[in-house]
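Both of the next two complexes hold chain A, though its partner changes from chain B to chain C.
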Partner chain A sequence: MAPLAWLGTLILLPLLGAPLLARGAFGRFAPGARVVLAAGVGAALVSFAMTLFCLAGVPWGLAAIALAAALFAAALSALVRGKATAPAQERLGRTGALAVALSGVCVLVALAATDAGAATSVDLFYFWGPKAQQFAIARGVDTAFLAGPFHDYMHAYYPPLVASLDALATIAAGRFSWTCATLTFPLLLGALAVALPGVLRGAASRSAAAAVSALVIAAIAVIGVRANIAGNGDMPLLFFETLAMALLLRPDASDPAVQLLAGLLLAGAASAKVEGLAFALAAAALFLALRGGGLADSAKAAARLLIPTAVTLGAWFAFGATRRLFTAYSEYGPFFALHPDHWPSVATGIPLALAATGRALPYAVPLICLAAAGRPGRRAILPLGTAAALLAFVVFTYLHLATDPSQWISYSAARILSPLPMLFALAAVCARRLSREAA
Partner chain B sequence: MLPRRSDTASALAPLLGAVLLTALALWTLPWREGLGRPRTLLDRSTARALAPGYRLITDALRAMPGGASFVVRTEPPDAEFETWYHRLGVALAPGRRALPAAYLGVFTPPEVWREAEYLVLVGPRPRQAPGELVLSTPNGTVWRRGKS
Partner chain C sequence: MSGPAPDRARRARLWLAGALVLCLFPLMPRLGRSLREQLRLPATPVDRTHGEWAREWLFLESCQPFLPSNARFTVLAADADTEMALYMMAIGLFPAGQPLPHTYYGMPHPEQAAAAQYSLEYRKSAPENPRARLIARVPDGAIYERPPTP
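Moving on to the complex of A and B:
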């Protein structure tokens, strides 16, 4: 029963995001996509509520956190106006049906590999799981545990979403479930497989949206198994990043409701892993640069995209500062303290790490598909520019290490760069031949 | 409404990519080792070298009461593995106190773990008993240590 209760808690997240996603403005999404988007919003708001509870010194309780998250969603729904309808009915066709089947196979592969212990992240046992387990026992972020001797490797400053949600599930189940924590990989991949075609339909035909989604799901499945991401923060990060980017590529991304939704998902990404903040800033900046328009409109769009991230991370850093635990992402020294002498290790280590992950095919194939899809439209700058920014951030981070980063790169680069193939695939949606807007 | 022929053609590139990567995904499954659920979640991961310690620590929970302190060591001593096993001890033995025999690949001073009530020893049984044997498994032994 405990594992069921553990996973059941996460499956209930759509209910907490529902007060926002139930608004008519989100009728533009197919029902399956709407449920998954509500889960993403629910997860981001639950994490935010749990941080606020810690900041206020209030112990975590299931009902109180759920109520707070649902109230936040209801309050946000007041900002959303108007109605929108789903795109006209369109047959999936044989191409689309094959794409849907491929996505299903990849989710089953992820499930089988996870169940067979072939995709487990060792970081789940090093810090993601222990933190969640201890936070559940303490009914809050346990500062004494994080600051304890020989616990530096827990990375106290890491953003809170994954450990908090796992702790919430642990409170509900009565104990931490290592198996269920690993199953979040196929579960979130399955959720993406359900939602992504529906979100991309605004930007491409039904069959093209299904094909691009299948490409994204397959790339994540291969990297997830080969780089062992089951149970760590990489899959939640990919979940938020993929949906946020897909929303920003839609022709109706100028709609305030779509921007608010993308902003909440970007906040989820920034709350999941450190590199999520780099992704959120790059995606928002490029989106604003590409959209044009007046200064006032741009300011409003920037607020919708970035205030959720600023508020959620602001609360987390306020907690860290008031408890004298951390004040910044600063584990590797001062921001500009780089070690350029490590450049050769970084320049050779990253390609080697990618080559060791399915012979780099999950990274190369989406890039080849992008080239084959035809001349990219202007909107492709958004995913491709974000990919470039993320790569630059990763190189910048590796150059921070005082010692030779080769070993660190060998076990982390494939995971940390896993959003790249997703971004290449989504850029294909902007190719003139696939783009609904161009049609 | 039927999909236009151009829609289908334009979807071919990502579809072919998805076919190729799905085949690769199927190839990544551990077919030879079987798809059954293994004894530990690390058995077929890239960290499979830690599986013996994982098994021994979970077995040791039967022999160590709640609140007990313990240290995980290897035979022969290995600072890298003892670093990782300390972390597994923190994860897999909640309610007990794991003390580190090594940290970041370097042995800690013995004073750090001197007070450990139990020794979880991954590997062959040592020639000289480090205490009272409370559990012996193919992956190692668990000892109740005397007061130092």
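Moving on to the complex of A and C:
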């Protein structure tokens, strides 16, 4: 029963995001996509509520956290106006049907690999799991545990979402479940497989949306299984990043409701892992630069996209500062303390790490699809620019290590750069026409 | 972005082909082992990703019944990397206990380990402390209670 309760808690997240996603403005999304988007919003708001409880010194309780998250969603719904309808019914077609089936196969393969103990992340045992377990016991972020003299591997400053949600599930189940924590990988991959075609429907035909989604799901499945991400923060991060980017690529991304939704998902990404902040900032900045328009409109759009991230991370850093635990992402030394002499290790280590992950196919195939899809449209700057920014951030981070970063790169680069295939695939949606036809 | 319909259809087929390539080449070989091997339920979540860790995990799990839940213990092994891995796993597997590192990031910390009441000794032929009392032998190791420090 405990594993069921553990996973059941996460499956209930859509209910907490429902007060926002139930608004008519989100009727533009297919029902499945709407439920998954509500889960994403619910997860981000639950994590925020849990941080606020800690900041206020209030112990975590299931009902209180759920109520707070639902109230936040209801309050946010007051900002959303208007109604939108789903795109007209369109045949899925043979290609679309095959793509849906292929996405399903990828999710099943990910599930089988995870269930067989063939995709489990080392980091689950080193810090994600122990943190979640201790937080559940302490009914809050356990500062004494994080500050322990031999607990610095727990990365006290890491953003809170994954450990907090796992702790919530642990409180509900009565104990931490290592297996259920790993199953979040196929669960979230399955959620993406359900939602992504519906979210992309605004940017592509039904068949094309299903096909590009299959490409994204397959790439994430391969990286997840080959780079062992089950149970760590990478899959939640990919979940938020993929949905946020897909929303920003829609033709109706200028709608305040869509921007608010994307902003909440970007906040989820920034709350999931450190690199989520780099992604959120790059995506928001590029979106604002591409959209044009007046200063006042841009300021409003920036607020919708970035205030959720600023507020959630602000609460987290306020907690860290008031408990004298951390004040910044500073594990690797001062911000500009780089070690350029490690450049050769970084320049060779990253390609080697990618080559060791499914022979680099999950990175190369979406890139080839992008190249073959034709000249990228202007909107492709958004995913491609975000990919470039993420790569620059990763290189910048690796150059911070005082010692040779080769080993660190070998076990982390494939995971940290896992959003790249998704960004290439989504950029392909923005291609103007097939290169063959252009020729 | 929309383009003519044949163009869109070709593009969709291209993406589908890409997904198929990813499904067939890098993903399927992972499941290409014998059916019997595939159907064997894993004893630990790391059975097929880190075989050595799986053994260490099972060792710690088999120690659990012999220790009080709030036990203060250290974990000893033949090398620093194994001791570090065992220590980190012990934090998760003994949430109410107090694991104390004998080595941490390769640095010896005997003063920490000396404060432990119990030692979990992984693949060691003889106890670290000859005066320690054997509590139980488990697969890949043994549990000892150390005499009180004078």
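The working rule: the second predicted complex is superposed on the first by the 432 of 439 C-alpha atoms of A that agree within 3 Å, B and C clash if a C-alpha of one lies under 4 Å from a C-alpha of the other, contacts with A are read in each partner's own complex, and residues count from 1 in each chain.
Following the convention adopted for this analysis, a contact is a pair of C-beta atoms (placed from the backbone, for glycine too) under 8 Å apart; a residue touches a chain by one contact, two chains touch by 3 or more.
Worth saying up front: this structure is predicted, and the values here are computed from it rather than measured.
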Q. Here chain A is shared; do chain B and chain C fit on it together or clash?
A. clash
Q: Using the superposition on chain A described above, determine whether A:R91 touches chain B (first), chain C (second), both, or neither.
A: first
Q. Is A:G377 in contact with chain B, with chain C, with both, or with neither (first, second, both, neither)?
A. second
Q. After superposition on the shared chain, which partner residues are touched by A:V194: those of chain B (first), chain C (second), both, or neither?
A. neither
Q) Looking at the overlay, what does A:L313 touch: chain B (first), chain C (second), both, or neither? A) neither
Q: Would you check which partner chain A:G129 touches, where first means chain B only, second means chain C only, and both and neither mean what they say?
A: both
Q: Name the contact category of A:A73: first (chain B only), second (chain C only), both, or neither.
A: neither
(Q) Taking the superposition on A as described, I'd like to know which of chain B and chain C A:A33 touches: first, second, both or neither. (A) neither
(Q) With both complexes overlaid on chain A, does A:L281 touch chain B (first), chain C (second), both or neither? (A) neither
Q: May I ask you to decide whether A:L111 touches chain B, chain C, both, or neither, giving the answer as first, second, both or neither?
A: neither
(Q) Counting contacts the way the document defines them, which residues of chain A are shared by the two interfaces, the one with chain B and the one with chain C? (A) 93, 95-96, 98-99, 102-103, 105-106, 109, 112-113, 115-120, 122, 124-127, 129-130, 133-134, 137, 150-151, 153, 176, 178-179, 182, 205, 207-208, 210-212, 214-215, 217-219, 221-222, 225-226, 228, 231, 358, 361-362, 365-366, 368-369, 372-374, 425, 428, 431, 433-434
Q. Given the complex with chain B, which residues does chain A contribute to the contact?
A. 88-96, 98-99, 102-103, 105-106, 109-110, 112-113, 115-122, 124-127, 129-130, 133-134, 137, 150-151, 153, 176, 178-179, 182, 205-208, 210-212, 214-215, 217-219, 221-222, 225-226, 228, 231, 358, 361-362, 365-366, 368-369, 372-374, 411, 425, 428, 431, 433-434
Q) For chain C, which residues count as touching chain A in their complex? A) 1-4, 7-16, 18-23, 25-28, 30-31, 38, 40, 42, 44-50, 53-54, 57, 87-89, 91-92, 95-96, 100-101, 104, 109, 112
Q: Show which residues of chain B lie in contact with chain A when the two form their complex.
A: 1-4, 6-22, 24-26, 28-30, 33-38, 40-47, 50, 54, 84, 86-88, 90-92, 94, 100, 103-104, 108, 112
Q: Please give the residue numbers of chain A that touch chain C in the complex, ascending.
A: 93, 95-96, 98-99, 102-103, 105-106, 109, 112-113, 115-120, 122, 124-127, 129-130, 133-134, 137, 150-151, 153, 176, 178-179, 182, 203-205, 207-208, 210-212, 214-215, 217-219, 221-222, 225-226, 228, 230-231, 251, 358-359, 361-362, 365-366, 368-369, 372-374, 377, 379, 425, 428-434, 436-437
